[in-house]
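Next come the structures, one after another.
The following pair of complexes shares a single chain, chain A, combined with chain B in the former and chain C in the latter.
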Partner chain A sequence: MNLHSLALAIPLLPLAAAAIVGLVRPIGRRGGLAATISIAAAAASLGCALLLLSHTAERFVLKLPWLPVGGRTLAEVGLRFDGISAPMLVVVGTVALMVQIYSVGYLSDEASGPRGRYFTWQSLFLFAMQGFVLSPNLLQLFSFYELIGLCSYLLIGYYWEKPSAGRAAVKAFWITKLGDVGFLIGLLVCWTQYKSFDLAAIEHAMTAGPAQANTWLLPALLFCGVASKSAQFPLHVWLPDAMEGPTPVSALLHAATMVAAGVYLLVSTSFLFAASPVMGEVVMYVGAFTAVFAALQGCVQNDIKRVLAYSTCSQLGLMVAAIGAGSVAAGYFHLVTHAFFKSLLFLAAGSAIHAVHTNDLREMGGLGRGMRWTGVFFGVGMLALAGIPPLSGFFSKELILASLEEHPVALVLGLATTIMTPYYMGRAFLLAFSGKPRSAAAEHPHESGWLMRGPMLLLCSLALIMGVFLWSFADTIHEPVHLEVTSIGLLGIALALAGLGLAWVFHGPRKTVIDALPKSLLEAARSSGVDALYVFGWRHVVFVFAATVSFFDRYIVDGLMNLIGWAGDRAGDALRRVQTGRAQDYVLALFLGLLALVAWGVWGG
Partner chain B sequence: MPILTLIVFSPLLAAVVLMVLPERSRISIRVTSLFAAAVSLALSIVALTRFLDGNPLRETLPLIPKLGISYSLYCDGWSSVLLLLTGIILFAGCWASWTVAKRDREFYVLLLVLSTGVFGVFVCLDLFLLFLFYEIAVLPMYLLIGIWGSSKRIPPKGPLAFAMRIFDVGGREYAAMKLTLMLLGGSALILVGILAMANQGAGTPEFNMEALARVHFPRELQMWAFPLLWIGFGSLAGVWPFHTWSPDGHASAPTAVSMLHAGVLMKLGAFGVIRIGMVLLPEGAQAWAPWVGGIAALNVIYGALSAMAQTDLKYVIAYSSVSHMGVVLLGAATMTTNGWNGAVFQMFAHGVMTGMFFALVGLVYERAHSRDIPSMGGFGKMMPGVAVCFTLAGLSSLGLPGTAGFVAEFLVFLGAWESNHAAWMVPAVLGAFFTAVYVLRATRMIFWGPSKAENFPHLSDARGVEWVALLLLGAMIVLFGVWPALALHPIDITTMSFLPRITGLLPH
Partner chain C sequence: MNEIQFCLLLAVALFSIGIYGLLTRRNAIGILLSIELMANAVNINLVAFSRVHGGAAGQVFALFAIALTVAEVAIGLGLVILMARTRKSINVDEARDLHG
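Presenting the complex of A and B:
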């Protein structure tokens, strides 16, 4: 089997699985069979990705013409394999496979039909994401980007009978579509500037061709797309609501697919951002601000999934900031480590939720006694996210802090995130797993079965050891990394420990404090106003405008048309009266007409 | 074998056969109609391949030489794609009208006659016959809506409802009359434009489009004849402000009629504007382009916003057609290769998509006996297949990559951005976003959420023959979205042959 067919198999196997499960109804109706096919495809796809990982020295591009316009090819479809895409393929494949296996256990109570649907979407999602990672040009990146959005919409809305799930799914689609409007305009700009969508061609044109006037425009538009998918302020509002989906879906969305797509787009177009220092700075500050803003929100949530959601948002901010500051390796490596420990955290949280049937931290407590495995997994995830050496998160976090070294404001924001992250994670861990049970369901939690524990175990070991792969990772993507003992690095470790300490002080096992802050402050922090702004804009600007246009159409434009019709009707009615049917009237008219003609002949002519 | 003639007249032939068939034999009526539709569909694929082989079909017969009228049919890239579209929609429409109960023989007869008109317009080279075909396509609508239309009156609501009642808004007779009158008003303008062009030279009039394309019309004539054709054909394409027949007409029309009307007939208008107005009158088109494009951009955003504010399901889809037809004319007005390709591709994509929408809306309406979106909810439980199909059509409508709608919209956006009026791109892109808003909102309100099945006792998923139209149209949406070159390649060849006539006029 040559490398090309391996690379092709990575996205096409899940697509085939999705087609089989989705279109062949007898298979779709049997949840177990659907799961088996989907998981087998995901595993085979991951196998191909792993085989390719050992050939990262090879780079190749496969292309087929896609849009014939003007006798030439406007855009192609194909795949590009190189050092950038290789690690992402493995990360996506691993997390997706683990999530799918875990889902079998998690959804075992569900009916068969919905499970068939679930695995169709899961396979389609894997196809979309791998297709995205392998895209050689911007148009294809955009296409798969939108498909990823579609799959998220479908999976977030998995419990479609719940009104809140429906709203969350649609909201996620709308907000990401809003950002994609920018991306789409970016494609148009790209075409007029470079006459190509191909990434390699654009890069070549930038270095070899004449200098472009507005180098900031294209990256700025692309960043709209990045910000909406990767939940950067102020387009992050869909992410917390997206928790309405089943927890394994959250794990997938937050680790390896939806939100990762934005950062990966940033990585693969980083040369555009590097060419425009202004956009680089904008990206960095947006990222750093999002990191702190979302971390603050994470500190005050009582829903365990929302804590993790805001944490994702915050960590994505760090990645974006690092790439904006010019360190692609730091941002990308954090994407990789984050994928493993965040999916681990979500799966562990899902395991706890599965046991106590609530997301609310206030109704948990003491779960660590009944669910040792889950507790350990969540704990490892927490330490990795907090950046405690030698866990994986430590390496990537240090890299990010180092990349922000020369930008004091962003660095301070980054350090602030570094202390808040361990605090809110510690709080969630302590509230859920230590202390006394605070509800009946939390009294006797049952540990999940091996179908759920197995995937978590693998992700847990990856979260533990991923750090040592830093150097081979840097080799693969051909970016230099320097990890040295600096004062900032040490400060980072100290802050992480301090954050954990704070969590222990406020929420330790002997305390029963849920919120360390007074109520009024909490309320203010929770309702940050961004959501309210969207709702206001939606209801009072867009919808009022739409209603006005509709009114105008119904009554003014159409009214005018009706008026014309009515006037014609009336006029006909009036003229009808001329046709009286009486001979004397006609003779009179004849006589008057003759008179008028004679008069015209005598005086007029 | 006169393939084009067969494509055009096999529906008419079937209509004649139907008239002698016994009225009660439901199956034979449907089989005959389906057979005619299948013949047209299969032969339009032949026409497409013949064009791609560099051997396009042409059939000529002198008819009235003294008046310059001849029966001449020709199938270029645009025609072949639009023939294919008409074939697909007619075939699907025949399946979708399976359940028509009232006077079903006459219904099928009119539907087939109308299709002959549509096929004829797309392949006819002679303007006189083209006009004839155009009228044949438009007129049966009056009966189809007036007799088989939605029986439920929609009482006018809102602050000015009393005024609406004076005009008798809401009934199917009103809708049929409004549609027919507005379109016939447009025809009158078209006729003037055509006669002006035909009588340009001395001696016998010239109606052949290929001959007319070689004539250089005086600038004054182009300046007044082009707007006549634009508004005349445009009223059928839903150009603002002559679009108002569309919401009422489509809401009242029976399923298959809505499918054909929004799916194919509206394209006749756009086809006329581009193929006759722009190609034959390039200077006039060039001069009027800012107006054509400006109003088309208005159409896009205006239609989308109006659709957002509707609560009646059919009105939502009808307004979305107004918006999407704006995309077609916007692409045409850009006068770029991308824009024209996009415009013709959008005719195809929108035709398939809106045909699917109206088929689905018909299914929902048949079962729920309601089109009021806020009263619905949770239909996905009872009709999962319909829900999936509705979502697919919606995704194509909002321009999701992988569906035909994306290719069309993207090309038009690109054309607009490259043209002299880059600002047109903004309303067009925003319109696409608003489409996402109303389509997903409608989908969620109808199919998602807790089931309100107790209010709708007769809900059930699509069954048997009802699936045929849905599967066919759904497959087309995905096929042409994934492999756009199938249609784009022939479209592109023809665009390249027409466009230089216009761009040649541009100062460089």
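Presenting the complex of A and C:
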């Protein structure tokens, strides 16, 4: 089998699985069969990705013309395989496969029909993400970007009977669409500036062609799309609400697919950002601010999944900041390591939720005794996220801090995130797994079965050892990395340990403190000010504008039409009296008309 | 006043009387009679000009016109009978269902 067909198989196998499970009703109705097909396709797709990973020296682009207009093709559809896409294919494939296997155990209580639907969307999601990663041009990237948005909408709304889940799904959909409008305008700008959507062609035009006037415009518009998908401030509001979906979906969304798509877009278009120093700085500061803002929110959440959600948001901020600062390798490597340990954390949290049937940290406690495996998995994920050496998160975090070295403000924000991350993760871990049980359900938790433990075990080992692959990763993406012992690096380790220490001091097993902060401060932190801002904007700006337009349409445009109709109606009413219905009146008119004609003939003409 | 002028004046008089009757009569039969007068005024003209110019064409036309008038009267009377049956009246002022 040659490399081209391997690359083609990566997205097409999950698509075939989605089609079979989704369209063949008898299969879709049998949850187990649907899961088997979906998992088999995901495994085969991952196998292809792994085989390709050993051939990253090869780069190839397969293209088919798409949208031919007047003798030239507007766009092409195809696959781009190179050092950038290869690692992402493996990461996405691995996490998706693990999540799907885990889902079989997690959703075992569900009815068969919904499970068939679930695996259809899962496979479609995998297709969308792999297609996105392999896209060679902006138009195809955009198409798959939208497909990813649609799939996450469907999966977040999996428990659609719950009104809050439906609302969360719609919110995720609309907020990401809001950013995608920028992406869409960006496509138009891209065409006017470079006459091509092809990434390689744009890069070539930028280096070889004449200098463009507004180099900041295209990256700025693309960043709108990135910010909405990757939940950057102020478009992050959908992400905590997306926790309404099943926990494996959150793991997939927050690790390898939805939010990763934004960062991956940033990676594959990083040459555009590199060409515009202003946009680079904007991206960096937005990322750094998001990192701190979301970390602060993460410190005060009582829902274990929301803690993880804000943590994702914060880590994405770090990745975006690093790429903005010019270090693609740092941001990309953090994306990879984060994918493994964050999906591990979500799956472990899901395991705990599955056991106690609540997301609330206040009703957990002491789970570590009954669920040793889950406790260990969550602990490893926590340490990796905190950036404790030698776990994977340490390497990527150090790279990010090093990349921010020359920007003092961003560096301070990054370091602040570095101390808050271990604190809120330690808090969540200690509240859930240590101390005394705080509810009846938490008294005797049952460890999950091997269907759920297996995927977690694999992700756990990856979270432990991923750091070793840093150098081969750097070779693959052709970016240099320098990991040295610096004062900032040591400060990062010290802050991480300090954060864990803080968590121990405030929330250790002997304490029963849930919140370390005063109540009023907590209320202020938890109140979603950004949400309120959106509501205000919606009610007082969009609605007012819409009402004005609506008034103009109803009373001015429609009014003109109504006036014409009314005038015709009145005129007809006035003239109808001429028609008397008496035959003799018509004869008289006829006769007079004849006389007039005769008179005109005799005297007139 | 020669012969042709006399004939034409007679025809004008008949035609005018017919028009007057057509416009003023309320009785459907009266209207049919007025139409007959007008038709015959035209016939007189045809015959008169035929005499002046020689040839029989005008007289043939007049004969045709008479025959056609008979057919027209037959239809007209049929209409009047129908009207009398459905409306119990042959006053044309009452038959104005098509008024605006």
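Simple rule for what comes next: the second predicted complex is superposed on the first by the 538 of 605 C-alpha atoms of A that agree within 3 Å, B and C clash if a C-alpha of one lies under 4 Å from a C-alpha of the other, contacts with A are read in each partner's own complex, and residues count from 1 in each chain.
The rule we apply is simple: a residue touches a chain if its C-beta (ideal position, glycine included) is under 8 Å from a C-beta of that chain, and two chains touch if they have at least 3 such contacts.
Because the structure is predicted, anything quoted here is derived from the model rather than measured.
Colleague: First (chain B), second (chain C), both or neither: which does A:F536 touch?
Modeller: Neither partner.
Colleague: Between chain B (first) and chain C (second), which, if any, makes contact with A:L588: first, second, both or neither?
Modeller: Once the two structures are laid over each other on A, A:L588 reaches chain C alone.
Colleague: Pick one for A:V549: touches chain B only (first), chain C only (second), both, or neither.
Modeller: In the superposition, A:V549 touches chain B alone.
Colleague: In the superposed arrangement, which partner chain does A:W450 touch: chain B (first), chain C (second), both, or neither?
Modeller: In the superposition, A:W450 touches no partner, neither chain B nor chain C.
Colleague: On the superposed three-chain arrangement, identify whether chain B or chain C touches more chain A residues.
Modeller: B
Colleague: Just to be sure I read the superposition right, which of the two partners does A:W471 touch: chain B = first, chain C = second, or both, or neither?
Modeller: neither
Colleague: Counting contacts the way the document defines them, which residues of chain A are shared by the two interfaces, the one with chain B and the one with chain C?
Modeller: Looking at chain A, the two contact sets are disjoint.
Colleague: Under the stated contact criterion, what part of chain B meets chain A in this complex?
Modeller: 158, 160, 163-164, 166-167, 169, 178, 181-182, 240-241, 244, 302, 305-306, 308-310, 337-338, 341, 378, 380-381, 395, 398, 400-402, 406-407, 410-411, 413-414, 417-418, 425, 429-430, 432-434, 436-437, 440-441, 444, 447-451, 484-485, 488-489, 492, 496
Colleague: Which chain C residues qualify as touching chain A in the complex?
Modeller: Residues 19, 22-24, 31, 92-93, 95-100.
Colleague: Could you list, by residue number, the parts of chain A that touch chain B in their complex?
Modeller: Touch list, chain A to chain B: 65-71, 74, 139, 142-144, 146-147, 150, 153, 157, 160-163, 166-167, 169-170, 173-174, 177-178, 181, 184-185, 187-189, 191-192, 542-543, 545-547, 549-551, 553-555, 557-563, 565-566.
Colleague: Under the definition above, what is the set of chain A residues touching chain C in their complex?
Modeller: 575-584, 587-588, 591
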